[in-house]
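Chain IDs A, B, C, D and E follow the sequence of writing; residue 1 opens each chain.
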Amino acid sequence: MEPVVHLADVVAVLGGFPVLAGADLTVERGEIVLLRGPNGAGKTSLLRLCAGLLPVERGSAVVLGHDLALDRTAVRNRVGLLGHSNGLYGDLSVLDNVSFWGATVGATAVEVDASLVRLGLAGRLATVPVSRLSAGQRRRTALACLVARRAELWLLDEPHAGLDASGRDELDATLREAAASGATVMVASHELERAGALATRVVEVVGGQVRPT
Amino acid sequence: MEPVVHLADVVAVLGGFPVLAGADLTVERGEIVLLRGPNGAGKTSLLRLCAGLLPVERGSAVVLGHDLALDRTAVRNRVGLLGHSNGLYGDLSVLDNVSFWGATVGATAVEVDASLVRLGLAGRLATVPVSRLSAGQRRRTALACLVARRAELWLLDEPHAGLDASGRDELDATLREAAASGATVMVASHELERAGALATRVVEVVGGQVRPT
Amino acid sequence: MNSPATTSSASKRPTGTPFTRALGIAALVGIGWLVVFGLFLSPNDRVQKKGVRIMYIHVPSAWLAYLAFIVTGIASAAYLFKKTRSLTWDRIAGASAEIGVLFMGIALVTGSLWGRISWGTYWTWDSRLTTTAFLFVTYIGYLAVRDLGGTHHQRARRSAILALLAVFEVPLVHFSVKWWRPLHQQETVAEGKLNGLMLFSLFTGIVAFTLLYVWLLLHRQRVLAMEDTVDDQGLDLALAERRAEAQEVGS
Amino acid sequence: MSSWRIARLVAAKDLRIELRSRVVTNQVLPFAALVMVMFAFALDNDNVLTRVAPGLVWLATLFSLLVLVQRAFAVETADGALDALQVAGVRAGGIFLGKSMALAAQLAVLELVLLGAAVVLYKAEVPANGVILLIATYVAATTGLAFVGTLYGGLAAGAKGRETLLPLLMLPVVAPVLIGATRATEAALGTNGASPSEGWPWIGLLTLFAALFGAGGTLAFGSLIDE
Amino acid sequence: MSSWRIARLVAAKDLRIELRSRVVTNQVLPFAALVMVMFAFALDNDNVLTRVAPGLVWLATLFSLLVLVQRAFAVETADGALDALQVAGVRAGGIFLGKSMALAAQLAVLELVLLGAAVVLYKAEVPANGVILLIATYVAATTGLAFVGTLYGGLAAGAKGRETLLPLLMLPVVAPVLIGATRATEAALGTNGASPSEGWPWIGLLTLFAALFGAGGTLAFGSLIDE
């Protein structure tokens, strides 16, 4: 069976700077891959490229069977991305946000509630506008949106940052479940102990390139 | 000698919500105190209050000898705060940013360069506009600004988040030095192993209150 | 404005006192007189015919609006510059501004009605009309700023500063007619261009409106005080919940 | 899922945001109203005013449109929601339609207020025989403006620094709308002795314009907001 | 460190940001220019334009001012820099002066462009004997507007929803400037047969206004921006 992600010598450019400089990476179905590496190595760029947000300048990038060089949009409704920013609407309540993002993939109210409960956002918090949440509560909301979207390929950029102990456990459990049920997970993180324990494989990103560890 | 921070039954309110609900805390000179606690507990609020950004609704808060209930501005030029957001100007280069924040306390060009070197921002990066940096590089810039400000009381909100391994070591070393040279440090963090090792004392923030651990 | 305070358990005390009641009655009587004189006893104007009778509401309300805004300014100054930093001054400022906006509104409405009669148009870009409109908007803005939230003292400081800046618009409105494009009445009263009975009716109006203003001010200021206490009680409840949060996690 | 369902989702979302934040109600409306007052004031004497009233109404609409569009995309870019939308696989065409609908709704309200203000402040009268024409103008112009606004707003919001382009891009493009709408409104109000019949050709222009940008946007929006 | 040094720091910083991002140059200037053109469009009535030219110039200035102010504080709030500024112990008075200076500088450039546009588009002539008056007007009005803009911009920059206040608070207050500046400019240009001598009282008003808000801001800015 073909890999979920297959990058061969991929180059990507932002504002004239080669954020990815010949990256090679292959990820199989059901894997949980940890991307580690120094600040500015290209982890975020790599994830955004797999999500179809960053154009492929050179090389070939095949994600979920689609060649991104040809069409970046094809993969989109099948991947889920949690970036450095949360992508939430500050004026809307937690529930409104999760419902909206859920609805974009036709998630039912039940599924939405489930993901809220899962991340401890049910009850009072569900009705609070996101702009009045604490940093960690926002991160939890973003995660709830992601969970509600039932993606095939999960891309998470430093998901642990800002979460408290219980939130971290919840996150890890969620990702393990997702992987077990056939989804594929790529996590960029600097919390090596924690993320290392979670991952089935660790690769290192340095200077816009990927090398195994 | 009187404590650097002395909070007695402090209540603070944001949008009608009691973010601090009777917090008591005393921090002596030279301490490195870790604030831990669940998401939404009130850690950020506590730090912002000590920085004079959050008004004291009830109770008494004395920081560096000033009663914040009377005048929140008196302490300001003597504390340094690294919040969840970096407080950087995206259009300006790393160097411009650090120079500006340094200049507000009369730091010399030499001191500015020193803090850049310290956080590995010297060289090419120094001239890059902050908006084109990676998340971690931005966090480093914010730290450089803080270092350049030579504060008496350092307040850091999840400083480790987003930093790579070397950055974390650099940060810890910096904070230890600061404390050794008579500054006082308060850190809010969810990375208990790491921050716990750094701290000389750990307190738990829950439901807007502080309790020893 | 309805005040949750009056319904709240903690503050059953009414906002009235014997004095304010007396005041209220006096105001009522005054308005009664105004009706009698303004509508019946005072003569028609040569040019304005019956239309002139609008003056007995229009002018007093405009002047009382001035007074209210000036009081707001003084109270704000008192809050800012007195050591005590007493919120009472802030509430007086707020209450007075609300009443001022009310009176200015009346002046605008009666004015434009009068304009329809005597100039054949509801509105024109005469200097006084325009500046009056701006003054009106400015104090609406002031009231909006009072609702921004924050602690009571933040509200007080913020709005006090605005009030001190805004009050300078009052002379602007007053003298605007001298400065350019006057269509609106120039100094009429001060220059004694009114016949005795008209003048008397006008003064009845001013007296009546002044009594009304003071009466409203006292009550409104007390209601505001109660609203503040209610805020504090609300906070107590919220605090209890928040602390409970701590217990749960603790156990 | 169909572009149309997406469009409804996005529109509903945008309107709910407005419902919660009330920015348009509290900021843009007063702004537009004050713009009218300022005009009236700067152009003092009345006979000028009534003559140029239609132009002023549309001018004020344009300024408010700028604010509206900036706001409409500020909510998307503030926390990277536009990225999220794209990743969510939401069809760009759908986003375009949805945001246009929400924008049109807000514009419509705004224009009503402006027309009201014009009637009061500039003493513009609406003759019976001009009403249909007037309505047609509003519908056509509003749709057109909403499409253009969304299109360029998206373009501006897309990549860093580009937002600086918004007014530069938009004002010249909507100039035809300004002229068309002004003339049509003048015809409807019978300003300077114009008669309704003169208005319809302009409606044609406006409709053409709306159709053009509607189609263009639905097709091209994706490539515009992509960085 | 002295408020004055802070002021210079902040002003330099703001101007450098402008230098790097070129928002004013690429966005506000074209915007203002287009506004003038739009006016010309909307009011293309024979002699009307020249008669109302001074009013339009200042009207356009006001709209641009709104954009400028929003921009000036967007920079501060985007990444929580305003908080940082306060913690940095930077004296509020200093921030106020600094941002006002930067704003004034940008306004001055803007107004020059607008005046130029007016001369070209509206065929407004500047008689020799009106020049000094014109310059005085510009200096006084610019200072006043910069102060007001910074004062209310700061107030509006704070917590959520406040931005909705900016136009509401600012426009009525700057109205006197609009009036004064317009009259003074008319006097300077001799519009409607006004003579320079009539202009000077207005300059007085403008100066008073500037002084008032300058003092107010320097003293009170702190309490206005802190949330």
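What we mean here is this: contacts are C-beta pairs under 8 Å (C-beta built on N, C-alpha and C of every residue); 3 or more make two chains touch, one makes a residue touch a chain.
Because the structure is a prediction, the values reported are computed rather than measured.
What's the farthest chain from subunit C if centres are computed as the mean of the Cα atoms?
It is A.
Relative to subunit E, which chain's C-alpha centre is the most remote?
When every chain centre is compared against subunit E, the largest gap points to A.
Quick one: report the Å distance separating subunit A from subunit C, using the average Cα coordinate of each chain.
57
Which integer distance in Å separates the CA centroid of subunit C from that of subunit E?
31
How many Å are there between the centre of subunit C and the centre of subunit D, using C-alpha atoms for each centre?
One centre to the other, that is 38 Å.
So the centre of each chain is just the mean of its C-alpha atoms; given that, what is the distance between subunit A and subunit E in Å?
Once rounded, the distance between the two centres reads 46 Å.
Would you please write down the residue numbers of subunit E that are in contact with two or more other chains?
In subunit E, the residues touching two or more other chains are 21, 161, 165, 168, 171-172, 175, 179, 226-227.
I need the residues of subunit A touching at least two other chains; which ones are they?
Each of 15, 84, 90 in subunit A touches at least two other chains.
Please output the residue numbers of subunit C that touch at least 2 other chains, ranges allowed.
Within subunit C, the residues that touch at least two other chains are 130, 137, 149-150, 154.
Report the residues of subunit E in contact with subunit B in the complex, numbered from low to high.
1, 6, 9, 13, 16-17, 20-21, 75, 78-81, 83-90, 92, 222, 226-227
Can you check the complex and tell me which residues of subunit A touch subunit B?
14-15, 17, 37-40, 44, 84, 125, 132-137, 139-140, 158, 161-168, 190-193
State the interface residues of subunit E toward subunit C in the complex, per the touch definition above.
Interface residues on the subunit E side: 151, 155, 158-159, 161-162, 165, 168-169, 171-173, 175-176, 179, 183, 201, 212-213, 216, 220, 223-224, 226-227.
Quick check: in the complex, which residue numbers of subunit C touch subunit E?
127, 130-131, 134-135, 137-138, 140-141, 144-145, 148-150, 154, 157-158, 161-162, 164-166, 168-169, 172, 179-180
Can you name the residues of subunit A that touch subunit D in the complex?
For subunit A paired with subunit D, touching residues are 15, 48, 51-55, 72-73, 76-81, 83-92, 96, 100-101, 103-106, 129, 145, 149.
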